[in-house]
Amino acid sequence: MSQISLVIYQGLVLGAIYALMALAFTLVYGALRFLNLSLGALFTLGAYVAFVISGQLGLPAIAGIVGAFVLVGLAGVGVYQIAVRPLVGRPGWEIASIISTLGVGIVIQQLIQLVWGPRNQAMPEIVSGNLRVGDVLVIQYQRVAVVLVSLVVMTALWFFLTRSRHGLAIRAVAQNRDAAYLNGASVNRIFMLVMALGSGLAAVAGVLLSTVLISLNPTVGLSYALRGLVVTIFGGLGSITGTLAAAFIIGLFEAFVSVYLGEGWKLPALFLFLIVVLVIRPGGLAGVSAEERT
Amino acid sequence: MSGIGGRPVLEVAGLHSGYGETEVLRGVSLHVNPGETIVVLGPNGHGKTTLLRTISGLIRATAGDVAFGSRDTRGLAPDEIAGLGLIHVPQGDLLYGEMTVLENLKMGAYRAAAWAELGERLERVYLLFPRLRERQKQLARTLSGGERRMLSVGRGLMGNSALLMLDEPSLGLAPVVIDELYDRIGEIRASGLPILLVEESATRIEGLADRVYLLENGTIAREGAPADLLADPALLQTYLGIA
Amino acid sequence: MSAPTSRTSAMLDRVLIGLALAIAVLAPLVLHSAYWLRVLILICIFAIVNQAWNLIIGYAGIWSFAQLALFVMGGYTTALMSLNLGWSPWLGCIAGAVVATLASMVIGIPSLRLKGAYVFLLTLAFHEIFRNLFILDTDQRFGGQYGLQRFEKWNFGGEGSVEKLTRTYYVALALLIVASLVIWRIIHSPMGLAFRSLRDSEAYALSRGVPEYRFKLLVYAISAFITGFAGAFYAHYLGSISPTNLDFNILMTQMAMIVIGGWGTFFGPILGTIVVKLADEQLRDFEQLRTLIFGAAMVATVIFLPKGLVAPLAALKNRLAAAIDARRGDADPPAA
Amino acid sequence: MSDDLLECRSLTRRFGALAAVNDLSLSVRRGEIFGISGPNGAGKTTLFNLLSGHVRPTSGSIRFEGREIAGMASHRICHLGIARTFQLPLVFGSGTVAENAMVGAYFGKRPGVAGLTFGADAEARVDDALRMTGLSARRDVEAAQLPVFDKKRLMVASALATQPTILMLDEPVGGLNHREVDEFVALIRTLRETGLTIMLIEHVMRALMPLSDRVMIMHHGEKLAEGAPDEIRANPEVIRVYLGREAGAA
């Protein structure tokens, strides 16, 4: 019983972080139809920006999160202009953009290492203290804060996408590019907005994760980008509701594996899970099957 | 009414365009005067959709001119052309299926100037298509064919429309529904908004069109009043290959 | 049934290939250094892997990123055979190739119905699973993080390290040549036609009778066989194999080779391997910048040279051929 | 009845709520040119996709030479002797003209695995197909570089190389100029003289009517009319659908 509560607690925290990361992938894929593999490095960059703002400059945690969102969002626009825009629409651009964003990701990761060094840095906590529940479960306020921040960001995103003019346009471009053009939306500008938003979300995910891990290093983004991708695929590329459900399912799954099988089995189990999903339901939770897509 | 003395709202001259190396339009010229409703007739595959897509900027013209009011629109992006008030309601509706009816309509008013009058425009469209108000919370993909078409036209009317281009509004609809839709188009016409409409079927153009063009194999084969054109043997030849 | 080339251009091809082979054969005699021989041996091995990778990714258009996993699997297979059963290295190479081929079916079958980005993710997932399984190997059957060591190394005779390495290099070079000839033959056979037509348009190829799944599995198998063999050869060259061979940086360097050389072209992967490996050696002292430069070079190539370094070189060759033709035309008066 | 080469019974294909092809029955006789036309969205291309195995039917049957082929994979349908072209010029772009024809010549009738060489038979089929379509001089040109007219002829050439019993042409003359249309019509006539059965979707009536032995007009996924071209021209339903008035009113 208490083991189960541990799984649920850890799963919720992981799910909250994965949801942001996967939303970053899915927003970009939804609008532009390509996998932005620079998001792993931008995730790390976000954590470092928050580390500088909150850890080194001593500003409040909220400033670190907002700063990471804004600055990394701008960096995402840069990635778009440099590595994506020249390729859009070229034959075979889907693979070309995977390679170019991966390349940009490597460059960003190396730059982080040049600036901050390869060693672990200590991330300050958002809130300290904890609450003991029963004999196994210790709820850290830090982790509660992580879940709350993630929920706030997701709620804000939901309002943005359903209520605001540009948010509607993002969804419109994802669903029908020609129609969005004919309604007067500049598709190129929407692409930039999507890249900024996606990168900003990845950055916030990076900040939240590093406060849970309490340490960060330049390569942390890679394995979390892969997990974000697993969530994204499971949820159905481009589907926002599917992605949210998938994030928490996978967070719980990962917590379950680490509690019952051991830490080391998390990733292999996750990828095995991905393979099973791709074979059984190629379109993910919310997607349609491959045949229906034609 | 037919705009004698007034400048045409839209003037297309010697337009060439196509997909890749496939040339679909081979020198199309036509014009729409203020307040006019123009129908371009022609069988499938002769360039009607390409004509509208070229005018709205979705396809780049390879030669020729398009003037909208006093603006030369060649080289402008589709969003800029839409911003000028040249509204294209595309074939097959191109709705945002996973968005609600209301959200679809709001997207029609995406440009800042239109967005500022969102409420009034919404009322106007709901007045024209009361069904859309009933369905406003529904996802667009759950609508019936006729409702989809109304939403598509309604979404177009949400913009700064100075000219409405309709691509085969009757496509795939049952006759009763087409009748209803054409009544609405008649109301739009009566409001004074110029319309450029393309259709494959000549069924409903009498009484609606001020002038008709016959588009055959990428060129304008005939132009005239609806009654004259419908009586023209050229029409039968174009459609049924009777020599 | 290859693309049209003028006679002069074809002649230039032969001259250039001959020249490249001569350089490859003479290189050890000129360099005469253990360090450079080691570099050359690795170039040969990685060029084989990249040729095989290019067959599936470039010619068949299947974005399989499980290539290094298959390579390492070939290495582990022969290492286990050697350590536990005392098999000879060559027998181990065959076993490695066979095991990699079987593994490629495990990857290939689930990916048959997937397209594009999904194939990339599925195969990358396999890569990560293998990497983690080797690392997590708790009962040490695969040597855990440190991998398997101290099994038989290649011995092709010779005295002293330079001569020993020279002989190993010639064997590796011979393997590269054989692998390239095999791949050349495949590309120019009905199989190659099936791979390319499926890549360009599945609907077209299907409607002309090409059985899609059969050929997709075939290209997985051929590519994996060659790669597994190369992995086993590599393991016996080092006398060790470990999960570090699956590190992300290595996957990236390998990818940089094929991207910079030019994927979907026959000579691109070889050229890319040479260029990237030599640059890698030159930048040895700048550990951090090295990866950064490869990342940036990969982006720049994709954007400015979509067909890789091979494209401008081929253009240069064609210009040269045209110039030769023109001069010849001046020399010989026209027949008419 | 023994003349019926291809027979569809109650063929239906739905996409969501839309029935693109609805309860359609038709039969194509050996050696004829069977023309198909109809307004935009009538379901003509979906019908071809069903016959060539690119789309599975929701229900109904397709019999070819007495054998049920509904739902069969495309490449197997090709092996049985049905070859098609596509509405938009679809070729194997990076291959040469000869390589495009070779795909059909080599794989078109081969259910087994591939060998290492192409063989003289296949080479001969390529030569024949290119000669017949007038592409012999362009055999070494990369297909992606061809103008539309040549791409459309190349689709026919690679289909012919499979030695089909039925050739299905989807809008072969759409997008062509008058001279090219005439050339294509002449090509189709020549093909028919070799005994090939042809199904032809076309909107350019100038091409369709003189070529076809029988014409079927589709509307909303259903058969609106079927008969000799003259009967179709006089059919009041057809005229009403296209022109919205009675036949005599002209």
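Note that the chains are named A, B, C and D in the order they appear, and that numbering of residues resets to 1 at the start of each chain.
The rule is short, and it goes like this: a contact is a pair of C-beta atoms (placed from the backbone, for glycine too) under 8 Å apart; a residue touches a chain by one contact, two chains touch by 3 or more.
Treat the numbers as computed from the prediction; the structure is a model and nothing was measured.
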| item | value |
| --- | --- |
| Pair joined by more contacting C-beta pairs (A-B or A-C) | A-C |
| Chain whose mean Cα position lies farthest from chain A | D |
| Computed distance of Cα centres, chain B from chain A, in Å | 42 |
| Chain A-chain C separation of Cα centroids, rounded to whole Å | 33 |
| Distance from chain D to chain C - Cα centre to Cα centre, in angstrom | 42 |
| Between chain A and chain D, centroid-to-centroid distance (C-alpha), Å | 48 |
| Two or more partner chains touched - positions in chain B | none |
| Chain D residues counted as touching two or more neighbouring chains | 54 |
| List of chain D residues in touch with chain C within their complex | 52-54, 73-75, 78-79, 83-84, 86, 90-96, 98-100, 102-104, 106-111, 113-118, 140-142, 158-159, 161-162 |
| Residue numbers on chain B that touch chain D, as the complex places them | 18-24, 26, 43-46, 91, 168, 171-172, 200-205, 217, 230-231, 233, 235-236, 238-243 |
| Residues of chain B that touch chain A when the two form their complex | 56-58, 77-80, 82-83, 87-90, 94-99, 103, 106-108, 110-111, 114-115, 155, 159 |
| Contact set on chain C toward chain D in their complex | 1, 3-4, 185, 189-191, 193-194, 196-197, 200-201, 203-212, 214-215, 218 |
| For the chain C and chain A complex, residues of the former touching the latter | 63, 110-111, 113-118, 120-122, 124-126, 128-129, 132-133, 135-136, 248, 252, 255, 259, 288-289, 291-292, 294-299, 302-303, 306 |
